[in-house]
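Next come two complexes, and both contain chain A; in the first it sits with chain B, in the second with chain C.
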Partner chain A sequence: MTRKLLLLACCIFLLAGSAAAEAVPCDRDGSGTLTASELAAAILDSLDARFMGGTVQAPSPDDLRDAAFVYEYWDGKALTITDSSGRTTTLTRPLKRIAVFNSDTVEMMRSIGVEPDRVVGVSKYTLDDPTYFPEYRGKANLGSVWSPDYEQAAAVRPDAVFLYATISQSSCDDIEKTLASIDPSIRFFRFDSYRPAAYAVEVRTMGLLLGKAEGAERFLAFHGSVMDTVAERIASIPTDDRVPVYLESWNDYKSAGKGSGYDEKIELAGGRNIFSDTTIEYPTVDPEAVISRNPDVIVKIVGAGELVFGGYGDDDSSSFKAVHRAIESRPVWDQIGAVRGGRVHIIHSDAIGGPEYFIGVAYMATWFYPDLFPDLDPRAVHQQYLSEFQRLDYDLDEHGMFVYPYDG
Partner chain B sequence: MAPKRAVLLCVLIFLFTAPVTAVSVERTLTSSENDLEVTLTVTGIPIGGIVETIPDGCTWAGTDHPDDQTRVSGQNVAFAVIGEEAIRYRVQGPSEAGEEIAGTWENLQTGESGVVGSDGPKTSGEVAQTATPTAPGFEWAAALAAFAVVFGRRCRR
Partner chain C sequence: MMADTGMQEYARLTEKRVLFISALVLILIALVGVAVTLGSANLPVADSYLAILAGLFPGAVDLPDRMIESNAVGIVWGWRLHRVLFAIVGGFGLAIAGTVMQGVLRNPLASPFTLGIASAASCGASIAIVLGAGFLSGYLVIGNAFLFAMLAAGAIYGMARLKGMGGETMILAGIALMYLFSAITSLLQYLGTSEKVQEVVFWMFGSLDKSSWPKLTIVTVVVAAVVPPLLWRAWDLNALAEGDEVAKSRGVPVERSMAGFMLAASLVTAVIICFTGTIGFIGLVAPHITRMAIGADYRTLIPASGLVGAVLLLGADCLARMVVPGTILPVGIMTAFLGIPFFLYLFMRRRDA
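Here is the complex of A and B:
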C-alpha cells in the first residue's frame, strides 16, 4: 500500500512538473491565459531588475520574449494545432530551433516570411541548392529523410523537427523515433508543402504555428488570385469538352494516374488527364495508348531523373528544344492532335512540382485554353513569386529556363 | 530543386532580409514654464519596453500611459509597450532639462534595442530625437544612454 502511494505521489509530482513546464510563460495566475496586465508586469519587472535597481524576481529574457510571442500571435494562450498527419500538438512557447528535412517546407516557410535564423538545420537538398536557398548556407546538414544524419540533427538541439506528411512515411517515422529517443522534448510536425489539396491549410497552419499568420494570408491572397482566376474561367467548361492532356514525367512514357499530384494539377488547369483511368500513381504507358487516346496537349516535365537541366541555374534552351523535337519525332506521333497542332509543351519541375505548383497550373491553363486566359501571364506570376515571396533578386527575363516554347 | 541551380550563384543576389519595418522611438518635448511634456512616439515595436531616465532636479509628474504598464523608481521610469504607438508623460523642471532625458528601448519580438534620442536635439522648444535599431542586446544600449547623459552634462559644465 505504501508503495502504491509512493508511486501515486511520484506520478502526481511528474504530472505537476510537466504541467509547470507546459505553462504559458509569465502567466502568473496560472489561468492559462497571459493577460496584458501579466505581460506588462513581467516587462516592468525585467526592466526594473536590470536597469532600475529593483529587487523583484524578474522573468528570464527567454521567458519574456516567449511571453511576448504568445501574447502577440496566440492571443496569450497555448496553441493547439493539427498537422497534415493528423497529429495534434499543444505549444506554450514559440519554436525557435527548427530542423527541416523537407526543402518544400523551407520554401513554404520563406513564402510566409519565416526568418532563417529560426532554422538550425536543413536537408542536403536545401544545401545543394545555394542559388535558391542562399540564406541557409552554413546551416547544419541533416542529410535526407532517406539517409538522415542523426548526429548532426541531435547536435543542433532542435526544439522542433519538420518532416513530410505523406511521402516516405516510414523513413519519417524512423527519424521521429530515433530523435525522440535522444531528446523526448523535441516536437515533430508533418507538412508536405507541395500538395494542392492541402496547400492552403498547410500555409495557414504554418503561419499560426510560427507567428506568421499575416504573412500566410498575404501569400495565400497572391496564390488565390492565380488559382481562383483559373478556377472561375474553366468552371463553365463541361467535363466532356475539357482538353485531353498527356503528361509525361522526366522518364519517357511515365505518366500520371488518377489521384497523383500531376493528375490533380491537370484538373486544376481545366484539362482532362488521358490516363486518369489508371489507378497506378505514376504508370508507364504504352506509346500506342497515347496515340489512340489522341491528346490535344502534351506536357513534358524536365529537371529531374534523366533530364536534369533547365531551371534557375541554366539559361540554355537547347536541351528543352531537343526534348521537344524528340517528342514530336516519336514514331507515328505526328498523328496525335497535340503534335499536329504544335501543342507540345515542356515545363521544368521547379515551376510545377513543389510549393510553386500554381505557376505550372497557370502555364497549363494558358496552354489548354489560350482564348480564356489572354490576360494571365504565368511568367509574371513566377517573377512575383520570386521577388515578393521568395525574396530573391532573380530576373526571369535574363535568366533561367522553365518552359518551352515560350510565347511571351 | 535541381542542384544545378548552384551554377548561377554569381547571378543571383541574395536579398533575404526580413521585410524591414522601421523601428524607432522618437521623443518630442513641449515645455511651458516649469513643466515639460514628453511624448514618445513608438514605431515598429508591438511589444517591448522603454526606460527613461529624467535628470536630477526634475520631478515626475505623471503619464497617460496605463498605471499597470508604468513603473517609477527614483529618476527612472519604465514603460511596458503593448501595442501603444505613443506614450505621454510629464515632468517638472527647467525647460533645458528636456535635453538631458535619456532613454533606451527594447523590442521583445525581435530582440532589438536602441537608444531614444541618439540624434540629439533638433529644434528649440520642440525637440525630436530618434533612435535607430541595433543588434539585439539591451544592456549596451542602456550603457550608451547613460554615457550620453554623462557626456551631455559634462558639455554643459
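Here is the complex of A and C:
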C-alpha cells in the first residue's frame, strides 16, 4: 500500500513537469487557434527580445518552433488524431523524438519523407538490416515487441512511441503500460503499416500527424497508380474465370487461408486462392489437396524461416533455383497445371510481405494475366519505390534477388 | 551421554541454520544493491541510488539536471525497482511452493512443472494469445494463465480427495495433465500465425519484463497471506515426511492437510507465473539446495529455501540483463543456466562424500 502511495506521489511529481504542454504554444488569447497575427506577434517579440533588447516577455525558441509547425501543418489548431487501434490523441505540439517498435512503420515514415533525425530509437529488426535502413545505424536499440528494452526506450526520452495495431496486441499493451509508468508524458500510436486494407488511411494519418501530408499524398499517388491499374484491368474478369493460385510460404505446404494477408494480396492481383475456403489463417495443407485443386499458378515465398536468402543483401540466384527445382520435382506435382505450364514463381518476402506489398501484387498480376499487363513493369515500380520514396542508393539491376524466374 | 551428543548436534545444526539464513539475507541485500544499478539506460551508480531517495522523499532531494534529463527517477521507480522486488517475492514464492509440494508428495521430483500447473498456465496463455479468448477482458493472458493453473491444481486436488490418491499417483496424474496441456499448446502454435507463435514462445520463456507495481502488490499480498499458515503447519510436513501412519498417529489429518498444502502451493505458483510466464526450475531446485545445506526440518526449510529461491531468481535476472549488453535474456532461461550446474555440483559432491 505504501508502495502504491509512493508511486502515486512519484507520478504526480513527474506530471507536474509536463502539465505545461496542454495549449497550443503562442496562442495568446487562448482561443485554441493560433492565428497568423498571433504567430507574427510571437516572432516579432522574440526578435525584439533577442536583438533589440526589448523587455516584452518573448516565447522560448522551442515554443516558437512548435508554434510555427502547428500553424503550418495543423492550421494553427490542436490536432486530434485517431490511430489504427481506434485511439484518439490530441496534440498541441509536433512530435520530435519518436521511438518506433514496428520496422514497417519506419519504412512507411520514410515513404512520406519523415526525417531520420526525428526518430530516436528503432527495433532490433530495423538495426539488423543496415542495407535497407542505413540511416538508422547507431540509433537506440529498443529490442522487439516481444522482448522490449524498457531502459533504452525510456532513456532516449521519446515524446511518442509507435507500436503495432493488430498484431501482438497483448505485448504492445504491456509496453504501453510499462513505459507510461516510467514516463507518463509519452504518447502512444498504433499503426500496422503493412495491411493493404488500412494502408492508404494509415499513410494519410501519419502524414498529418508528422507534418508530412504532402509527402503522403505524393506517395499515395504512386501507390495508387500501381494498385488502380491492376484493379481496373482485373475488374472485367468474372470470378469464375480468375486464375486459381496456390501460395506457399517459407515452410513447405504452409499456405494462406481466408482473411490472411496473402489471401488478400492474391485477390488484389486478380487470382483465386485455392485454399480460401480454409478459415485457419496459415494452414499446413495436404500435398494431395494441391494436386486435386490443380492451380494454374504457384507462388512460393522465401526470405524467412528455413529459407533465409535473397532480398537486398544477396545477389546470388542459386538458392532460388534450388527451391524452384524442388517444387517442380515433388512427387506427382508434374501433374499440376502450374508445373506443366512453367508457372511456378518465387518471390522474396521483402517485395510482398510489408509496406511494399503493392510491388508483390504487381508481380503477381503480371504472372496471373501476362496478356493484360504488357506495360506493367514491377521491377521498375520496385526501383522507383527504392530511389524516390525510400531514398536509397540501390540499383536493382546490379543487386538483390527478389523474384525467380525473371525474364525482364 | 547420548542425550548430550544429541543436544550438541542440535545446537550445531541450529548454528548452521542461523549462519545459512543470515548469509542468504546478506547476499540478497548485496544483490539488490547491484540490481538497481544495472540497466541499458547506463545511469551512473550514484544516480540510481539518488533516484530511489528522490522517489521515497519527493521534493527533499535536489536532483541534478542530468538526472532530470535522463529521467532517472522514472526509470528506477517505473521499471527497475518493482522488477527487483518482484524477483525477490517471485523467487521466494516459487521456491516455497516447490518445497511444500515435495514435502506433501514425499517426492524429490515434485514441482509446479511436474504437476502440470506450469504447462496448464502456458496453455491458458496460448489460448488468450492465439485465439483471443479468455475470461478476464483486458487481462486475457494473465486471467487465462491463472485460471488454467488453478484448474490443473483443482483437478489433481479433486482426484486426490475423491480417490484418496497417494503422492506417486498424484505425480503421475500431474504428468499426464502436463502432456495434455502441452498438446493443446502445440496445437495452438500449429494453428497460429508466426507473430502469435512468437508471442507464445516468449511467454513460455518466463521473464520479469512484465512486472509492475500493481502486479507486485498482488503477488506480495498472496505470498504474505499464504506463507505464515504454512510455517504454522510446518510440523505437519515433518510428520508427513515420516509416512502417513506416523503422521496419523500424531494427530495430523493426512488427507485434509495434504490437500490444503497443495492448494496453497498451487495458488502461490499460479499467481506468480501468470504474470511472469513459466519460470519453473526454481521450485524444483531451491528446496534441494537448502535441504543439502541445512537438513529437512520444514520449520527452517520453508523460509530458507524461499530465500534461496529469491537469491536465485534475482541473481539470474541480474545476469540476464548483463550477459548480452543492450538486451535482456528471458530470466527463465537464465535460471536454468545458473542453477542447474550449481545443483549438479552440490549433488555430485554429496554423492562422493
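Convention: the second predicted complex is superposed on the first by the 387 of 408 C-alpha atoms of A that agree within 3 Å, B and C clash if a C-alpha of one lies under 4 Å from a C-alpha of the other, contacts with A are read in each partner's own complex, and residues count from 1 in each chain.
Note that in this section a contact is a pair of C-beta atoms (placed from the backbone, for glycine too) under 8 Å apart; a residue touches a chain by one contact, two chains touch by 3 or more.
Predicted, not measured: the structure shown is a model, and the values here were computed from it.
Touch criterion not met for A:228: it reaches neither chain B nor chain C. In the superposition on chain A, contact is made by A:129 with chain B only, not with chain C.
In the superposed model, A:286 makes contact with neither chain B nor chain C. By the document's definition of touching, neither partner reaches A:388: not chain B, not chain C. The larger set of touched chain A residues comes from B, when the choice is between chain B and chain C. Touch criterion met: A:167 reaches chain C, while chain B stays clear of it.
When the two structures are aligned on the shared chain, A:41 is found in touch with chain B, with no touch to chain C.
By the touch criterion stated above, A:116 is placed in contact with chain B alone, chain C being left untouched. Of the two partner chains, chain B is the only one touched by A:314; chain C is not. Residues 304 of chain A are contacted both by chain B in one complex and by chain C in the other. Considering their complex, residues 1-9, 11-19, 46-49, 51, 66, 68-71, 73-74, 76, 78, 80-82, 104, 108-109, 111, 138-139, 142 of chain B touch chain A. Across the interface of their complex, chain A is touched by residues 39-42, 55-56, 58-59, 68-71, 73-75, 77-80, 128-129, 140-141, 190-196, 198-199, 202, 207, 209-210, 212-214, 216-217, 326-328, 330 of chain C. Remark: chain A residues 36-37, 39-41, 43-44, 46-48, 50-54, 64-65, 68-69, 71-72, 103, 110, 113, 115-116, 125, 128-135, 303-304, 308-314, 348-350, 354, 391-394, 398-399 touch chain B in the complex. Contacts from chain A toward chain C in the complex involve residues 1, 3-4, 6-7, 9-10, 13-14, 17, 124, 141, 143, 146-152, 154-155, 157, 167-168, 170-171, 174, 177-178, 181-183, 260, 280-282, 284, 304.
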